[in-house]
Amino acid sequence: MNFLKKIGAVISAAILTLSLAACANTENSSGASGGSESGSFRTIDEIKAEGRITIGVFSDKMPFGYVDNSGDYQGYDVYFARRIAQDLNVELELVPVEAASRVEFLQTAKVDIILANFTVTEERSRQVDFALPYMKVALGVVSPDSAVISSADELNGKTLIVVKGTTAETYFTENYPDVKLQKYDEYNEAYSALQDGRGDAFSTDNTEVLAWAMSNPGFTVGVESLGSIDAIAPAVTKGNTELLDWLNEEIKALGEEQFFHADYDATLAAVYGDTVDKDNLVVEGGEM
Amino acid sequence: MRGIEVLFLGNNMLRLLSGLWVTVRLALISIGFSLVLGSALGAVMTLKNPVVKVLTRVYLEIIRIMPQLVFLFIVFFGVTKLTGANLSGEVSAVIVFTLWGTAEVGDLVRSAFGAIPKHQFESGASLGLSKLRLYLYVIFPQALRGLLPNIINLSMRMIMTTALVSLIGVTEVLKVGKQIIDANRFDYPNAAIWVYAAIFLLYFLICFPLSLISRRLAKRRADK
Amino acid sequence: MSEHIIDINHLVKSFGDNSVINDLSLSVSKGEVVVLIGPSGCGKSTLLRCLNGLEPIQGGSVSLHGEAVEHGSAGLHKIRQKIGMVFQSYDLFPHMTVLKNVILAPVKVQKRDKAEATEAALALLDRVGLKDKADAYPSELSGGQKQRVAIVRSLIMNPDIMLLDEITAALDPEMVHEVLNVVLDLAKNGTTMMIVTHEMAFAEAVADRVVFLDGGVIVEEGAPAEFFHNPKTERAQRFLKTFTYSR
């Protein structure tokens, strides 16, 4: 039966290859036409006609998309999703997605929009269409209240804790060769190193350190935004230009009323605090 | 004990239970289909036809080699990409678990029948039992007895494996647990252990009676 | 002793290229007990299996009361009701009690009344000394008890002939006796039987006629006293010698 096992393995491999090829195909062929294509996206008219828009959000990534103890969706992304449905005058259907399946949900048009803390990257831009950003993420530096580090230059000659493989590690290695890096495999190891005073400060994504400082009195995020800034934006199925344009207009219009500052106050303030400079995280009118 | 109160906040207990129901429902429906289709497959597999033998064997190997997660992705996203048919997450999950269950049940049925000594067939036939009666009264009851513990075992594995369906947007008990932990991670940083303990208990409450039955059946079989 | 129950005419049986029975003819009359003996591989068990249609045959014919017994034929299960067979291995159905084992065929196949079949079963079980085991499962019985139940299970069908295929070969020596006594009792009551056995003393006691097979053919046949004490052929003499010991 060994021979048959091999046949089984070969066919499994073939199925995998074929399905990968199918993914690639969809990427290439989904031009602007879209309408009649398999797994095709819905136009705004279709969404309005059905009276319902489906938006993919996280269900366990507080404070962006999560489900509260009453079983209701909450968070920065969800707040925006509700407004989109309201302005389109349609019902909102939220679909829980995972980081690993966000692109597929759009490619197969199982959702109209993804609003799941989706960082814009070059590679993803080839697979989905990103609208204007509504949030941004950069590096932050957290240090003890007794010796707050308030600029990156102050770190020269000091010891900075980083987690291996993060943007922070690369950024400081390349731009601040005089900073001594103390590297850890895990976030919790890094945080306890900071608490034990084994390093002068710790750097990683600003959203991460801000939230941590909020729940750990005695520590302050002295540097709230550093290094290259990543944009976080809504995404639609590649080629759904109409919906994309509508979203861009919506984001611009919402800028006038400072909608995302209100969103921050309603959802992020509890986690990042009121003292933070909101403009380090919030993007209004799509302008970074 | 700090953190345990998270289980009783808001609707959390009810949400965990309805997540468990999603889990159990998926497993039950899939097992139901698997039993029917798997019995047919098993019957086909007992045929001595070499072509049938090779085809069924290859099917079995494919199912066993393919990780269930990959399978879920292929059915949930791949089918939509290829045909445009938009399957829901639950339907995709039932299809995947049924394909898997059918292969496993088929193989179990085949080996259960294979394990019945040739003399059982011959002595039944010698008594003048027609083929139908021979299977009905002599072969099926014996095969079933060997089969039941294994089927229960498979059901339990299926219940555990349903945790994967959160990747295709179906919220089952483990996902509900993660949502509860995450929503309370600042207020109750120690909630995780209690939520996982509760989920463990729920799984246990479902699986323990099954494993008891299975063990009892296996024992009874060994006695006879 | 004239009515033929079984007629074997020019039977040929082979497994692939390996010929097991070569052009063998034999008849068994009503009430007769025929014992088949011979070295292992001589084809005696295969012959018995052919009589019950368990094996396809390559030539000749087997008939019961003139009705052809054919492997795979549609009416085979009807003919088999008239042929009782007990095998070497314990072949009771493990998921049924002794009583259920015995009444399954009479009730389901012969459509007999369940109460009547139960009564008949208990009477037969009593006859083989196992009435108190009626509600036991086969796993609770000794090998000898299982074989006695197997005999009862065939007997209750009131078969025209009983085929016993080395029914004591798998038994511990102390249990052989209890089973063979049952068979002797059947013989005394006029049951037609064809028996394959390695128990020579039993064969001599039970047989009306001994048939000695070797190489798929009948080498010698005759009355037991004649065959065992005065075998005519050299091959039979050599065979019987293997059962005697001297220093």
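Lettered A, B and C in written order, each chain numbered from 1.
Quick note on the criterion: a residue touches a chain if its C-beta (ideal position, glycine included) is under 8 Å from a C-beta of that chain, and two chains touch if they have at least 3 such contacts.
Values in this document were obtained by computation on a predicted structure and should not be read as measured data.
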Most widely separated chain from chain A, with each centre as the mean of CA atoms: C
Innermost chain, where centres are averages of C-alpha coordinates: B
Centroid spacing, where centroids are CA-atom means, of chain B and chain C in whole angstrom: 47
Centre-to-centre distance between chain C and chain A (centres being mean Cα positions), rounded to whole Å: 81
Where chain A and chain B are represented by their mean Cα positions, the distance between them in whole Å: 35
Chain C - residues contacting chain B, complex: 52, 54, 77-78, 80-85, 87, 89, 91-95, 104-105, 108-110, 137-139, 150, 153-154, 157
Of chain B, residues touching chain C in the complex: 117, 119-120, 122-131, 133, 137-138, 141-142, 145, 223-224
Residue ranges of chain A in contact with chain B within the complex: 1, 4-5, 7-9, 11-12, 15-16, 19, 22-23, 25-26, 37-40, 59-62, 66-71, 74, 95-98, 100-101, 104-105, 107-110, 211, 214-215, 270-271
Residues of chain B that touch chain A when the two form their complex: 6, 9-12, 14-15, 54, 57-62, 64-66, 70, 73-74, 76-78, 80-84, 86, 166-169, 171, 175, 178-186, 189
